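Heads up, the next two complexes both have chain A, just with different partners, chain B and then chain C.
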Partner chain A sequence: MRSRLNLYALTFRLPIIVWQALFFIGPLIFVVAMSFFVVKNYRMVETFELESWAKMVSRDYVWSAYRYTLLMAGSAAALATLLAFPAAWFLAFRCSARTRQLVILFLIIPFFTSYLVRTFSWYTILAEAGVLNGAFGLFGLGPYKMLNTAFGTLTGYLTLVLPLVLILQTVTMANIDDRLIQAARNLGCSPARTIRTVILPAGKTGFVIAALFAFILSFGDFVAPFYLGGSNPPTMPILIIDTTKAGQQWPRAAVVAVMMMLTLFVIAFSAIMYAYRKRASR
Partner chain B sequence: MTEPLVVLEKVEKRFDDFVAVTGADLTIGEGEFVAIMGPSGCGKTTTLRMLAGLDAPTSGEIRIAGKVMNAVAAHERDTPMVWQSLALFPFLNARENVEFGLKMRGVDAAERKTRAMNWLERMEIAEFAERNVETLSGGQRQRVALARALVTEPQLLLLDEPLSALDAHLVIRMQSVLTKLQRELGITFVYVTHSQSEAFAMADRVVIMSRGEIAQVGTPREVYRAPATRFVAEFVGRNNILPGKVAAAMGGSVTVETALGAFAVPGEAAVGADASIVVSADMMQVGGGENTIEATVISEEFVGSIVTAFLEAKDGTELKVQVQERVLADLDLTAGSTVTLGWATKDGHLLVEGT
Partner chain C sequence: MSDTKFMQTKRSFLKTGLASVALTTPFVNRAWAQTVELTMLGWYGTAEPDMVAEFEEANNVKFVPKYYAGGDNMLAALAQNPPGTFDIIHTDAEYAKLLVANDLVLELDPNDYAFDDLLHDDFKSFAGHWDDSGKLYSLITRFGHLGVSYNKEVLTAEEAATYDIYWDERLTGKVGHFDWHLPSLGQMSLLMGNANPFDIDEAAWKAVQEKTLSLKSQVGGYFDFGGTFAGLKNGEMLAMVGIGDWVTGILERDGAPVSSVVPKEGGIQWTESYSIAKTSEKTDLALKYLAYTMSPEGQVKTAQMLGYPGHCVTKAGRALLNEVDGAEAQRSGQVDGDPRDPITLINEGRISYRDIPVQQSLEDWNDFWSEYKNA
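And then the complex of A and B:
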């Protein structure tokens, strides 16, 4: 009886298991394996050598790209968290449920259009003769260089992640038990202070997950640093593109990819552990 | 000035078109245990929330310790509340929950901890101080909630159906914990409940509310024996209500003409006024008395030492009589049998409608 039940359950779980194996675990293993291949006469040889690892790990430009990508993705996550918070707070606590639903719908609409298109639209705004510099010019300021800078990259990252972070934060705060906030006020906590004493700790899981998403998406994004950041300095995804273009060095690109995945695993794991950590209980 | 601790004057609260509380006049003295009681939607919780400043009165005045509170924000009052949901902070352990009010008042960490631990010890849950509140039992959480509310040593404690989520045996335990605490601390408790047994067991005075209005204020005994309105008579206890008209009045006694006959009852009322005689089920006797009614037994409800029998008079009026289980066997109360119910005139209570 028991085994039949399990078989029944397995039948329905099988597609997802196959899907995961085919499109996630398979490619993952392949990328890891590829990082040990070598390229000879522009041809990849399937072998197990540490050559690509040794080359990439010993190069300073890899590590400076790594640090720069961490910094930029971290900044994007922090900025998105800070920028979204007041808006999310307003939506969660000062708007009716109807207004909130409507705004969330509007926040989803950007995802309908290609991220690449949204990035390109920044060109006309950020360019030297673009909309922003035109506006600054009216006050005798500028022109400022905004394209091909870290500012450009961050603008792109935020275009990608801000709507998502805002949605996640809004839903998180709207779901906080209002009675906890009232109980805090009843115990002498001013409304402004409830943000620190109740809203942040009660919504911790949601805020951390939102920031984690922002980090993961920015960390792996190629479009913003390439088109708005001018690849200078390069981020890890740009390093992957450059390496594959230069002499078919797929194994070295795989090394960069594996470094990125390991980093994301560590960060995602720590973030989720932190987000779901409960009060210590003896 | 020796004004009572809490004064409500013509307090009204409207939510859009809905009148939650209206014309509420009430005074609560220092050290009193007052229970506000009524069916759901009667305005009892709104009244409590107005005392805490969580809802602002639409009109009227609320004074606490002589100070007009209408415009005082919730966090600037010292009116802690024990919530029906307890509303313990799940991200704080038991001790940190208790410390919350002290922290908001800027008490330093060392003193906070000492005072919180004192309260946890007093509530006999010190061993759970560092525990996640979600891992505590209902009774333990209840004690944390009480300690959290009392740690700032307020003059006034508000309780919103705090025992409604507990098992019956825990309710009895917590009732004695609460009454003992209230006596020891000598502070005022305002306790909202829909449960008559909780209100009567603990309160010095009960306030009965109905549809946003205060129907009666009195000691549990007064409310039980001398209901002021028909609503109170129906809501409190098991009363037999015999409506009619005053047929004669003389010297502290009136005769009320009801569908089941004319009965004398102590009281004063004008001849011709609409009036009811209220006889509590435990004052009714099977067999006879000064005033008698014939009735048919419908069913009985056995809850232990007391049995309530439900009967129907010939005109359909529902009647109730409570008898000791040990004397039940001597009475013929099987369903369908007809018996004579009676009561002593002095045990009847006159209820004049429209007062």
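And then the complex of A and C:
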């Protein structure tokens, strides 16, 4: 049977297809192509050469930045997941729907302000003469070095992703059938076991997607490692900036970008496969 | 009914439109009177009102700035924009030679400028500003010295008077780098005893790399323009490699306990110049601005620039600075007889002019810088 072109359905589907083609697939193809260009006299020459790839993959510092970025983004995703969970659980199961809506609104409000501004505000809090060290000083502690460290970078990452992870986890848990939890408790499950055997499996998709978002946003973030981590050591996004500054090597920066995109494709694909995998029935 | 409504809307629309035109006409006329635009490619601050407002007003011109940081970005902006985009190019002197080599800038007439009034003979024939046949292409306009920038509450000027201080245990985790390889590696090269820090052979280059890597455990971060200021101001960084009075001078004006000193191993000079793009269609006006920057009034402005302070290059400029802003002249040592006088430092042989690497490529230095940051 020949399927007919459904113009009505196409009217609604076409814009997103065109949008993705123009603003995602197009630039993606261009970045991949650019990684094979060369730079001569500070001007890009369109050609097909492996020079930039050979240069970048043979440099230890590229792999060092790659490992560090993976570690930091993974840590941010794990920390955000763990820190958000108790709050999300409270909002989902212990609060009224009205309170939950209000809190979610408050969680969205930070996004009204520029992320860069929020990051800079950490300067006054984390600096050695800052608010936190001032408070520690009252108890005879510190000062502790928090800016220009991995801690600073993680703080920046969490500023970016924690509200988002909390919202996603709250929505996920609020949609779990309450009767399942009651049944578990009636059958004698402890709260910890209820979380492990009912809430986590039932909300697996939401939890994984939330963690994935945290990872993706942290992995590509330039602001936190640059301004709060002091570029010491640099992450992959900083390496992109460094590479473009150094002789306008956009093709080499494109190599780094492609490496990052491939990594994110693999991780996102694996996470989504895991999130939607059905449990094998016994 | 709907027709009436439409007519009313249309009428009110026309009324509003006519009223708007009437009200804005004076401004439109003013805007038309100021349509001459000069586009300047320069470091941040060079085309801000404190620098150009007076010239704009006197010549009915409007500056359009395009800012960059680092000579590579300047060359890229020239390569990637259509010819005619820029009129005036403000550049680090070591990159001026590349502008000439790439045939990007207009020849200037030396007779238009008072070369005899320059404070130092080196400035009269500054490297890269003239081609081999003696034609002038770039005009030196201001300079400054890079050395050890430090927090005065932790170090004394005497302690800071050597690059070795970066390895002091009081500074562990508190040494910052301005994130550009040329000044930082240049300072390391001076510390290694290279008289010309940018013209070194492979053995010396290897020694510079090893010495630099040994500093890694002291380093607290690598900073851009804003981060450098913030790091020194909030005390997160107690010493900074690769900068000088152009940063601490601003912070000092704000009362921060920081300063810069040219150490015993010598300092590095940054030098800034103006050129006119070969493709500019407003060369007369651009030439007029170059003459203005070399006038005593223009020189005082370059010394006082809010973006970052510099030193005058002309005697008349320095004299006027001492007259109108003695405090700034004193603070920056631009006073005849002052032991910190930048011209005296040059005469004593304590200053090397910043340059691009002579025996290695810029890429070699860049590569090492990336390795160092990741070490």
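What we mean here is this: the second predicted complex is superposed on the first by the 270 of 282 C-alpha atoms of A that agree within 3 Å, B and C clash if a C-alpha of one lies under 4 Å from a C-alpha of the other, contacts with A are read in each partner's own complex, and residues count from 1 in each chain.
Everything below uses one rule, namely that contacts are C-beta pairs under 8 Å (C-beta built on N, C-alpha and C of every residue); 3 or more make two chains touch, one makes a residue touch a chain.
Keep in mind the model is a prediction, meaning the values are calculated, not measured.
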On chain A, which partner's contacts cover more residues, chain B's or chain C's? C
Give one of first, second, both or neither to describe whether A:P201 is in contact with chain B, with chain C, with both, or with none. first
Examine A:S96 and indicate which partner it touches, taking first as chain B and second as chain C; both and neither are also allowed. neither
Return first, second, both or neither, reflecting whether A:D177 touches chain B, chain C, both chains, or no partner chain. first
Pick one for A:T11: touches chain B only (first), chain C only (second), both, or neither. neither
Which of chain B and chain C A:K145 touches, first, second, both or neither: second
Is A:G188 contacted by the first partner chain B, the second partner chain C, both or neither? first
Just to be sure I read the superposition right, which of the two partners does A:A246 touch: chain B = first, chain C = second, or both, or neither? second
Would you mind writing out the residues of chain A in touch with chain B in their complex? 177, 179-180, 182-191, 193, 197-198, 201-202, 204, 278-282
In the complex of these two chains, what residues of chain C are touching chain A? 70, 72-73, 75-76, 78-80, 102, 173, 176, 179, 219-224, 227, 230-231, 234-236, 362-363, 366-367, 369-371, 373-375
For the complex, give me every residue of chain B touching chain A. 52, 54, 73-76, 78-81, 83, 85, 87, 89-93, 100-101, 104-105, 130-135, 148-149, 152
Sort out for me which residues of chain A touch chain C in the complex. 41-43, 59-61, 64-65, 123, 127-130, 145, 147-148, 226-227, 229-234, 239, 242-243, 245-248
